[in-house]
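Here subunit A shows up in two complexes: once beside subunit B, once beside subunit C.
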Partner chain A sequence: MTSVGRRLGAILLGSYLVLFFLYLESPLLIIFLTSFSRGASLTFPPDGFSLHWYARLWDYVHDAAGLQPGLVASAWTSVWLGASAMAGSVVVGVLVAFGLRRYRFRGHALVRQCFLLPILFPQVVIGVGLLLWFSAIRGVPSWLRLVLGHLILTLPYVIVTAGASLDTLDEKLEEAAMNLGANRLQTFWHITLPSIRSGIVSGALFAWLISFANFTVTFFLYSGEMRPLPVWIYENLQRVIDPSLAALSTLVVLLTLVVLLIMNRLVALGRLVGLRG
Partner chain B sequence: MNQRVPELRLEHVTKRFGSTAAVQDVSFCLWPGEFLSLLGPSGCGKTTTLRMIAGFVVPDAGRILCRGQDITDEPPYRRDVGLVFQNYALFPHMTVAENVAFGLKMRGAARSVTRDRVQWALELVRMPQYGTRRPHELSGGQQQRVAVARVLAAGASLLLFDEPFSNLDAKLRKAMQVELRELQQRLGIATIHVTHDQQEAMSMSDRLIVMNSGQIEQEGTPEEIYRHPRSAFVAEFMGECNRLAGRVVGVDRARGMAELDLDAGGRLLAPWSGPEDPPERAVAFLRPEHITIVSSGAGGGQANVLAGTVRRRVYLGPVTVLYVSLNDDTDVLVQCTNSLNGASGYGPDARVQLHLPPPSVRLMPL
Partner chain C sequence: MSLAGVSAPPAPPRSRGGAGAHRTGRRLPWGGVLFLPGALVIGSLLVACLILFRYSLNAWDPVRTMVTSWTGANYLALVRDPVVRRAFIETLRIGVTVTLVCLVLGYPVAYGISRSRKRALLMFLLVAPLLMDALLRSFGWLVMLGHHGLVNVLLTGLGVWASPKRLIYTPLSVIIEMIHELIPFMVLPIASVLERIDPTLHEAAMNLRAGPVRAFWFITLPLSLPGVLAGTLLTFALAMSAFVAPLILGGGNVLTMTILIQQQMLTTLNWPLGSAESIALVLVVLAVLTAYGRQARRIARGSA
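And now, the complex of A and B:
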């Protein structure tokens, strides 16, 4: 192959990657650009540039001009809901992954797949199903409905990431621990858990993000006083259509990115200095 | 000597995986301070035996006793048996010192006791200055030393090694063999060592157990087993061995000798002391270093002298190995010690006469 041909190939491949990247990120880009619009309508392309709508957002935070509960309460609900779903799916997911590795039985592979099914279901189906279920058994408070609903969505991610870490864990390490006098619980705590720490952390990160961003299932389970952020944005979108929502969405995306960075940093750092779990 | 209580005793231990019998009716003792090697080809059940002693595999039948106590059903963490894994299995998220302290920590030892004992163990393996390193910062030999220190610090009263040297290069392997053996003798700690390398087993062990397809073939000191193999399998597993088949034509009970008419031509006298007559056809086994070249040129006719042609000559430094073809093209290996004056002078195509001294021949049924 000539060097010209190689150059051409590189340029083609490069443009392909850039175009595809732009396509993937286009929703975010459009929202991002729109949030700086000067006009009052939520349209693309934006006309002019201003930070006006970010200021408007600040008003929302202050005098709660939107729906009740206000923006701040909604944001807290989402943060807290994500944390609960994360904690729940880490505890349950790690134990499930551990159990699945430990006990080999007929139909093992099938059961392992079944734990991951909720990722593949249409979320509308999960939402409707849960709604029916919760109206059948009355008295489940709305916060618990939300946590249980989100757990269904987040649990598979922890099972996958913790399971993948467990698959690469050398069983001889656990045997060595037992040989040195550690009982099963001690072995799990001192050897197994620290060895799969990065899998757990990334599963936890996924769990929080999935819960924080979820709209569909949340939409079927929320109540007036428990209105997570995605639902709050959606309902405001129906009442007031102006670029302040684009500003809010941009902030949410930024927050998500910050969380990603922090967690990524934690995992990498942890590996570097060998933090113990 | 049977008054002593053995450190470890296996009684008719059997383990099968599905239809394969990994270990079949294995019984043996390990005496205090003894270094015992389990030797055998791949898949003969050595690792399974070791894992049963450590408690990771539960035998289907039989008992395992540790100093007279039945430990067959004890979980691994209640046996003070220290297993050194082939890949060492050091905990990657802990420092060397934390690795060595692990067993003590699990048993709830006081901090000062732990510190002293970790120091003691690291000094034993000549690595006191490596406590703060991590396992991946150590060479293979150093990792192995840490693995040994780790089981010693945990208070093992018995050491188990599963192919401990297979990840080391040839030179380091020799050095570690010597070092481990010296440490084991200094501590007087009973040890079982698993290997498929007969050189390694012979150079380290007080006693050997040769295994084949899940069963014990023979048990004894390295010399006993090398010189008096009880089966064709052991004879051939314990080093190079010539095998000459033939028909038994006579037995002299008074002298304890049988006479063999070799398929390759010639007659061979071999010791035979069995209570029954040897079978009609038998095989004579003979080590290459026991054969001597009596003279060059043709001739022969006497018993235990065979004529042949040198086909190949391999110079190995201290010895030279000659591949000598007999009349029917069977090859006989002859090993000559090289003297100060140089290697033996026989080259390819030289006609030679081999002397096979009767006491060195082992006769076995075909």
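And now, the complex of A and C:
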């Protein structure tokens, strides 16, 4: 009886998990399916199969008449913005993570909390706060507003990933280098940095993704000439929604997925969230 | 998304004596330089908040917009203004609903993940949607909940509904999207607690002739409550500050605190009131997050 009951329980739990993950991934699956539909309406199931919404995307790329212009510019803005936020937060974040590991001082936990605060801080408030500040001092170019906003968002993720790598690093390696006459800087550059390489790379990819996917903070800081991709998509959602937007979204999702898979290889996502993966 | 606080592994014990000692503690004045660039970045968030606080004490005039002064009128308005009150109640209502549904739907998922052998894969599937553009997820729901979308087609096809219902641009669609968006934050803390429960406890209960249901009810469930509390607080805090779901799926019909702030700042240009609303939102969210942080640390120490 018990073994039958147990097996039944396992089957029930297993089917629930399958259903749950189907549900969890369903919006992305639906976008994927819709992008291949033939008709212009967003119906389910999609009426027929075609690739012409991807061809339509090509019209957007060429800024064809009657379409919302600026797709390519927006995509470049997003890529470039992500790269800037990534570069900045990697340099700054690795220093902070290193400092947090090396030095114990009063208020250590509090300082760490402060650096991680933006992860959970209401993004609307980050957005409007920076917006009001920048309109008060004027003359701040829009690229600088966006980079600073995104730097605030991405920094904590680099600190977490680099910190997780540093925690696994054996201090004896660094001590050995110092005993052999390397100074602090040489040790950091030749021993510490190379040993946490995977943590740094995955932190960098993390930072890029967070920046690339951010809408809320971007929404309050963008300007006419600096319009990252999520804002472009938002403006299109306000107009006519047709499957070409689904085609674009599919490409964005695929790009994100590739970056995520690379990250997952470097540091299992589960390990970062404190599970034993 | 919160990767950090969910349950950061505690730092490994450090050697106090010997070769390591000369690097600890004493040199912090110089080591502080390491934190300087980071402090500038996080400091700018602080400056932004201070500016919001200062503006929240200013007065507002429809013609001259913001007028410099020192008044508490905006904070009084938070309590008295019927629109603000309605937005606050709506935010609470959505937040509580979303959190409860996440708990009910998420607990079995956390249990399944903690027992599964494919944990790494499931973790990837759980966390991956979080790193997708929030706008795309909302777009997906817009398509699924549309008049001819999956949900309407399925439910009318099965005969549950006689005709398709209007789902998008209603509070219900906002709630549906937010459950989807936030459920991983409920699952993660619960799974990380469940996974640490010694399985022999469950077996011991079974050996003492408690059925699987009784063993779960009296052993596993009580031991997992710290994770439930952490997940509930985290999910609720994030639900209070959600913006994309009410913006896209609310379509102007759902007024939450975040949407109200957006309108005050960008449309009515009532910066003082918008600032007061922002400060109030931050205080509420930080209060919940502090409780969550305490709970998460307690779990990490294993004393919960």
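The rule is short, and it goes like this: the second predicted complex is superposed on the first by the 234 of 277 C-alpha atoms of A that agree within 3 Å, B and C clash if a C-alpha of one lies under 4 Å from a C-alpha of the other, contacts with A are read in each partner's own complex, and residues count from 1 in each chain.
Everything below uses one rule, namely that contacts are C-beta pairs under 8 Å (C-beta built on N, C-alpha and C of every residue); 3 or more make two chains touch, one makes a residue touch a chain.
The structure presented is a predicted model; accordingly, all values stated were derived computationally and were not measured.
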Query = Who does A:F20 touch here: subunit B (first), subunit C (second), both, or neither?
reply = second
Inquiry  = Let me test your reading of the model: by the given contact rule, A:N183 touches which partner, first (subunit B), second (subunit C), both or neither?
reply    = first
Query = Once the shared chain is lined up, is A:E175 touching subunit B (first), subunit C (second), both, or neither of them?
reply = both
Inquiry  = As a test of reading the superposition: which chain, subunit B or subunit C, is in touch with more residues of subunit A?
reply    = C
Inquiry  = With both complexes overlaid on chain A, does A:I152 touch subunit B (first), subunit C (second), both or neither?
reply    = second
Ask   = After lining up the shared chain so the two structures overlap, which partner does A:I241 touch, if you call subunit B first and subunit C second: first, second, both or neither?
value = second
Message = Which partner chains sit in contact with A:V160 here, subunit B, subunit C, both or neither? Use first/second/both/neither.
response = second
Task = Name the contact category of A:S195: first (subunit B only), second (subunit C only), both, or neither.
result = first
Ask   = In the superposed arrangement, which partner chain does A:P141 touch: subunit B (first), subunit C (second), both, or neither?
value = neither
Ask   = Hey, what residues of subunit A end up touching subunit B and subunit C alike?
value = 175, 178-179, 274, 276
Inquiry  = Residue numbers of subunit C touching subunit A in their complex, please.
reply    = 1-9, 11-12, 14-15, 19-20, 23-25, 27-28, 31-32, 34-35, 37-38, 41-42, 44-45, 47-49, 51-52, 55, 105, 108-109, 111-113, 115-116, 119-120, 122-129, 131-137, 139-144, 146, 148-150, 153, 180, 183-184, 188, 191-192, 195, 206, 211-212, 234, 237-238, 240-241, 243-244, 248, 258, 261-262, 265-266, 271, 274-275, 278, 281-282, 285, 289, 293, 300
Request  = Would you pull the subunit A residues touching subunit B in the complex into a rising list?
outcome  = 170, 172-173, 175-183, 186, 190-191, 194-195, 274, 276
Ask   = In the complex of these two chains, what residues of subunit A are touching subunit C?
value = 2, 5-6, 9, 13-14, 16-17, 20-21, 23-28, 30-31, 34, 41-45, 89, 91-93, 95-96, 98-99, 101-105, 111, 113-126, 128-133, 136, 148, 151-152, 155-157, 159-160, 164, 167, 171, 175, 178-179, 209-210, 212-213, 215-216, 220, 229-230, 233-234, 237, 241, 245-246, 249, 252-253, 256-257, 260, 264, 268-270, 272-277
Key: For the subunit B and subunit A complex, residues of the former touching the latter   = 54-56, 75-78, 81-83, 85, 87, 89-94, 102-103, 106-107, 134, 150-151, 154
